[in-house]
Amino acid sequence: MKLIIAYVRPEKLRDVKTSLSKVEVFRMSIDNVRTTGDEPAVRESYRGADVYVDTHARVKFEIAVNDEFVDRAVNAIIDAGRTGIDGDGHILVVPIERSIRIRDGAEAGEAIA
Amino acid sequence: MKLIIAYVRPEKLRDVKTSLSKVEVFRMSIDNVRTTGDEPAVRESYRGADVYVDTHARVKFEIAVNDEFVDRAVNAIIDAGRTGIDGDGHILVVPIERSIRIRDGAEAGEAIA
Amino acid sequence: MKLIIAYVRPEKLRDVKTSLSKVEVFRMSIDNVRTTGDEPAVRESYRGADVYVDTHARVKFEIAVNDEFVDRAVNAIIDAGRTGIDGDGHILVVPIERSIRIRDGAEAGEAIA
Amino acid sequence: MHRCQRWLSAGLVVCVAGVAFGQDAVTAGETGLANVTDRFVVDNLWLLISTALVFIMHLGFASLESGLTQAKNTVNILFKNTAIVAIGLITYLIIGFNLMYPGEAWTVSNWLGAFSFGASPAHDGSGMTPDYAGYTYWSDFIFQAMFAATAATIVSGAVAERIKLGPFLVFSTLYVAIVYPIIGSWKWGGGWLADRGFYDFAGSTLVHSVGGWGALAGVIVLGPRIGKYLVNEEGKCQIRPLLGHSMPLAAIGVFLLWFGWFGFNGGSVLSADPGDPSDGNWYGFGGVSLVFVTTSIAAAAGIIGAMFTSWIVQAKPDLSMALNGALAGLVGITAGADVIRVEWAVVIGLIAGVVVVLSVIGLDRLRLDDPVGAISVHLVCGIWGTLAVGLFADDARMTQLDTEGVGVGTFGDQLIGVLATGAVAFPAALIFFLILRFTVGLRVSRDEELGGLDFGEHAMEAYGGFQVFPDH
Amino acid sequence: MHRCQRWLSAGLVVCVAGVAFGQDAVTAGETGLANVTDRFVVDNLWLLISTALVFIMHLGFASLESGLTQAKNTVNILFKNTAIVAIGLITYLIIGFNLMYPGEAWTVSNWLGAFSFGASPAHDGSGMTPDYAGYTYWSDFIFQAMFAATAATIVSGAVAERIKLGPFLVFSTLYVAIVYPIIGSWKWGGGWLADRGFYDFAGSTLVHSVGGWGALAGVIVLGPRIGKYLVNEEGKCQIRPLLGHSMPLAAIGVFLLWFGWFGFNGGSVLSADPGDPSDGNWYGFGGVSLVFVTTSIAAAAGIIGAMFTSWIVQAKPDLSMALNGALAGLVGITAGADVIRVEWAVVIGLIAGVVVVLSVIGLDRLRLDDPVGAISVHLVCGIWGTLAVGLFADDARMTQLDTEGVGVGTFGDQLIGVLATGAVAFPAALIFFLILRFTVGLRVSRDEELGGLDFGEHAMEAYGGFQVFPDH
Amino acid sequence: MHRCQRWLSAGLVVCVAGVAFGQDAVTAGETGLANVTDRFVVDNLWLLISTALVFIMHLGFASLESGLTQAKNTVNILFKNTAIVAIGLITYLIIGFNLMYPGEAWTVSNWLGAFSFGASPAHDGSGMTPDYAGYTYWSDFIFQAMFAATAATIVSGAVAERIKLGPFLVFSTLYVAIVYPIIGSWKWGGGWLADRGFYDFAGSTLVHSVGGWGALAGVIVLGPRIGKYLVNEEGKCQIRPLLGHSMPLAAIGVFLLWFGWFGFNGGSVLSADPGDPSDGNWYGFGGVSLVFVTTSIAAAAGIIGAMFTSWIVQAKPDLSMALNGALAGLVGITAGADVIRVEWAVVIGLIAGVVVVLSVIGLDRLRLDDPVGAISVHLVCGIWGTLAVGLFADDARMTQLDTEGVGVGTFGDQLIGVLATGAVAFPAALIFFLILRFTVGLRVSRDEELGGLDFGEHAMEAYGGFQVFPDH
């Protein structure tokens, strides 16, 4: 089992979700974060002083999947989340040792799509 | 050492925290996220148009524990977080390679309850 | 590749970011979370009733780095994030199996600074 | 609000409304153009401006109540407050006005007003002239209607975060259509409380306590919000505050309420009378000028009283208490704003400010869960303000008013008014709430309460896009 | 707003402004001290107070519009509304006032007003006395100027979240400087619509529809916001609501608009006239008292109509619809607030409340994306209210007004007014928008729209520090 | 605010208050009913309505200041603004009023007013009649008291986010109880500045500059907020903006301030005088009508000036600057709103709008950290407005006022007033702040500042449940 962590552009949130559901990945957690990367800082101006904001709003997905789902999930994210411009984001795959469903305490494979 | 990631119902936040403290797990990080899963989408209605919101507010715990604490922490979360209805959430256990306390730079076991 | 997860004091956010950039770690994700730990609960008082808030606002960094960057990143965080008082926070290092850039689908080492 | 009882002879009308201005007297019976004096135009205009000011109090209530409750219930609270203005005005048009001001058409003399539906001025045009009062029939109606709506809206804050929308609207309709006007008629409609000498200038009892009794009944029948009172490890009960989600909204609410109170109290003079220089003490009793001063000063003193009390009791000064303090002072002065000297207004306000803080804390001890402090502000301070007239009203002035037949306001009179109001308003509200509870149900489900009434009752969110952290 | 046409003989001025008060008559031609009566002082004061009330409507618009749109566009909306007040006042000073109220200096008689720049009272002092009207020249100017600014501000809500700031400000300047005053001059300036007997008391057509037509043109030229209308899997079009980000702001907006409407309608009486007891039915037509009642009651009925319609149609009661309902009732009553009986005000408001909900839903079906419902509230209900005068206005009163030469208001007259306004306002707005679109461009880039206009147009954020979740 | 100096003979009182209305003259010495004219009732009512309008400015300040600061300090700012209203009113009752308007009871003639405690009308009833002034004693008191409170509240925005609550309240109490009334007495109390011909209609100097000097002293003594001025890698100082947390709150604040300004300036006419048609130019100087126009137009021009300046200087138009621009225009016109022609009001407002933007930027360069721009708006534009009277006031009008003994307003006179005010207000504030700093301490600890004053001073949060991102 793997935990897929993906940072994508906020405006791609729905597309990525739809794209994932097409490859039958339905369970995930979403959060909004701020990230830094290659994308240039944006100038904000407030009361005559400029501030260069070098963090950008991104949406973070956390998706726990069985190993055989990793590739298609990753591809689904790339397909839907790519614009080709700096700042499209990143996908990380982290190992999961156990996975337990709270509702019934069921472990591992059977608990995860 | 393991990182326990748990998504639970927001209304169970305090119960889970209390339950964890009973098994002497005191250190954790909490965040609010939106998740999708088996729980059916909720209809929201705004100005005459319906929208089916398929993400639900959940609370996410991140708890770094020594290996011997994993089972009791997981059980504590299940005990306090379960309602038996779809949407109770999920627990993931991820390996941690190192753990460092910022205050004094102390590493590993001694730094974590 | 490792994922460095660090919980630091909110007021240290900029210092940590600057400190990381000095060791050439530029890519990261930042989120605000609430954490519990050794720091004592804070009394809040509202309409005559007290509530002891035992969670504290912290900022969470997630930084994916190549293995050779781990030590300097960790040190940079400690340097900038430490005050020496309870509550300075914690750093976790988690293994990453794969890392993919969404923009071009590029994998692994070449995708990460 | 010592309004001109419509059935009184025109002579007394003038005597009350334009008390110091003999030269404005109109010849009763004459209608039409000739008797519409400039003074009448001014007095009438002031009543209308006051109506607008009282109207904005509804935004004050909506803001305050939503600010002091949780974000997940905000749509619901705003909806209730919006609906109540509408319900208040429409029911007052249909039934309330005649029930409250029956003239001589009492159903049960001095106890139960007229059940004639609809509002319509007399068909001889007198409703538009001083023959009616110091203002037109329509001004009278709309000013009173705005008042009526405030009584119902007081309840909504106390029962917030757990009451079902539909039943609440039913309750409000009944309460504002029937209970408020009947009790109001006893004094302002010229009923038995007026005869007994009870004095309530602008409604510490008739508006605020009536609303407050409804709030108390609602809180009792509904029970506390989930999570407000906990049993801790040692088996002791513990109060857990459920934080309001927006202090700026709460502050906007209170300032708007104060702003509106200039119309609530100032308009209750029912004329632009600057103050009667011939009153016992040459003090300007009964005039708008003094009313503005006592009202403001009591509010200011209420803030100071609440600020220091909360600073002492809670160790840190609580903004929500200071804001409640302003309202406490305002409610406290409302019964006697036109008959009390400024120094006593300070005292009344200060005490109200202290009382409201202790009352909020005390009710919590009694497990009466009132999210916004409506019971403390409107009921407790409403009673305090009413009794304070018996203690602090200017003697000479009250003697003078006695002569004019508009109240004596001794402590005994005041107590009777307080008790009589409670004896009717509270049981009535209790019965309404109980009937609703045992028929359609009064309280939302546990799940809905936890998830928020905005979703449950309205399928909406108040802050689309903002993430709100659960109680931590 | 049946204002005194400046070039009328002083006699008629008095007849209109102080209609019931013969004793206030001043001797025309005389200037200076002697003819400034107390009544003049009161009437003038009420017009000024109304100006302040109309002013606060701009905060109402700013709050409502920002509440019903997304957090990322809040700065932009607030900026537009702030700039429009300024633009409205300044352009009205420079050109609008003389264009709208040309007196006898029409450029094209009864069709196109005076292009004389600047505002300045007559040089014989009459502008400060009843020789001018029932109020001073300056009161007239500032009251009308505040009105003008509201027409432009109506547009801003409909085109929100996608229009470029610069071009929008250019549009607003042209619209408020030229289109609004010209159409207004036809009736209030004493032009051809006035001659035809068209009746529009305070501007259901002249203000709200004019704004509404501009909104409709803008929405058509701009197209919908990205993501509002989607094609779903089955290839069917689907409406996806883009949630407003703050219901408290929306509620504050609507309550402030209602509050301001007391001045908008009440001030349009152009005097503090309490009501004419000698009107056909002794009903107080034409007076401020009745106007306050019809205005409030229609708003209340609008809430009730919208509440139940949305409860039925959407299964749950929608706060934003109830709030729109209040405005619908207010817009609906505006054309006839002084000539309609209270029971008909209920009907007009109720229908407006129903209509606004159906209209919001209907426009969405037509893919006309109006984030705040400006077209439904101001255009649709503006038309409804104007026609309603033809249906419900009191016959006797209209006959009386006919004699005085200030309108008949038959259904035919009203329809002509509605159509004539649309025939000029809509094409004019369309042309302005199209020219801007094909020259400097009207719509922000896709990226800017997705990222929010606050960043794109202002390099600012409205809620520094708050994280706002993207549409999920 | 050119108020009737109480000790002047009744004749002059009438001459000022009811200047154009000889027929309202009352026979001095007569008390009681007979001399209370309708005009007196109207004038008195307008002063009271203005009081309510000035009151709501406090909500304006509270909203603006909390909107332009960080979410973690919101409770603290709201608390300060709530407490100051209370402190302002109560201290003015106890000491301020007599200190500012000593009549003939100066402690040091024309320089230091009366130290008689408490407010109370004369014991012959004259305080309620035109014998006192064009309004009652109580109206006078409450209007002035509301004014007083605004001077203190100006300071709170500038020292926000770092000052300890207790010491700030002590400062405010002293400043509003002593410094404001003493300086005010020099002009409005009939002291030496009045004698010199200094002209300040409604307080560009006496209210706004006095507040602004206090703000400047506070900012100097406290130093900037942590993180505002940084040293970057190249060792250069860098200004880092600390974003305000809610632009809607800021906008609500400014619109409410403008709304209240209709009472601030309009009420300072001290009567409902529509305008004097016999003034030098038949222009309506000195009347409420013109004051409404100049006030609104200057505010509008201020927006335009600030909008374009910020658009040019900052490349994108800054909402907070446009909002400051409105206030700048309002402060700028305040000194001469009744003696300036409308075209000059445009100029004064435009320049104020430009100046405020440059001043905000300039003060930042000087490392004077004023989170809300209070110094730029109130002090800088207050000075500008005062001097502008010397430049733009209508000559004929000033000559006329000179005859009446109420001011000449040459540039020299104005400069003396500006300097004299600064020479007392600034050192006084400085001393108060320094004493507090070196005794109880003035600034919260570094930890508290970083964590927010809401926690530190109040143990509360303003937005329970919302997560606010730290400055990133």
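Which chain is which? They are A, B, C, D, E and F, in the order written, and residues in each are numbered from 1.
Criterion: a residue touches a chain if its C-beta (ideal position, glycine included) is under 8 Å from a C-beta of that chain, and two chains touch if they have at least 3 such contacts.
The structure presented is a predicted model; accordingly, all values stated were derived computationally and were not measured.
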item: Any chain in contact with chain A as well as chain D; value: B, C, E, F
item: Joint neighbours of chain F and chain B, given as chain labels; value: A, C, D, E
item: Winner on C-beta contact pairs when C-F is weighed against B-C; value: B-C
item: Equivalent interface positions on chain A and chain B, same or different at half; value: different
item: Length of the line joining the C-alpha centres of chain C and chain E, rounded to whole Å; value: 53
item: Whole-Å gap separating chain B and chain D, where each centre is the average of the chain's CA atoms; value: 47
item: Chain E and chain F, separation of their C-alpha mean positions in angstrom; value: 33
item: Chain B residues counted as touching two or more neighbouring chains; value: 30-32, 34, 44-46, 55, 94-95
item: Residues of chain E engaged with two or more neighbouring chains; value: 38, 42, 49, 243-244, 246, 252, 314-316, 318, 320, 458-461, 466-472
item: Pairs of chains in contact (touch as defined earlier), listed by label; value: A-B, A-C, A-E, A-F, B-C, B-D, B-E, C-D, C-F, D-E, D-F, E-F
item: For the chain E and chain D complex, residues of the former touching the latter; value: 20-24, 37-39, 42, 46, 49, 53, 70-71, 243-248, 251-252, 254-256, 258-259, 262-263, 266, 272-278, 281-284, 287-290, 292-293, 296-297, 299-301, 303-304, 307, 314-320, 322-323, 326, 342-343, 346, 466-471
item: Chain B residues touching chain A - in the complex, by the definition given at the top; value: 2, 5-8, 31-38, 55, 58, 60, 70, 74, 77-78, 81-95
item: Partner chain E, residues of chain D touching it in the complex; value: 31-34, 36, 38, 40-42, 44-45, 48-49, 51-52, 55-56, 58-59, 62-63, 66, 74-75, 78-79, 81-83, 85-90, 93, 118-129, 135-139, 141-142, 145-146, 165, 246, 249, 252, 457-467
item: In the complex, chain D residues that touch chain C; value: 239-241, 243-244, 310, 313-316, 318, 320-321, 357, 360-361, 364, 373, 469, 472
item: Residues on chain C engaged by chain F in the complex (per definition of touch); value: 10-11, 13-14, 30, 32, 34, 42-46, 57, 59
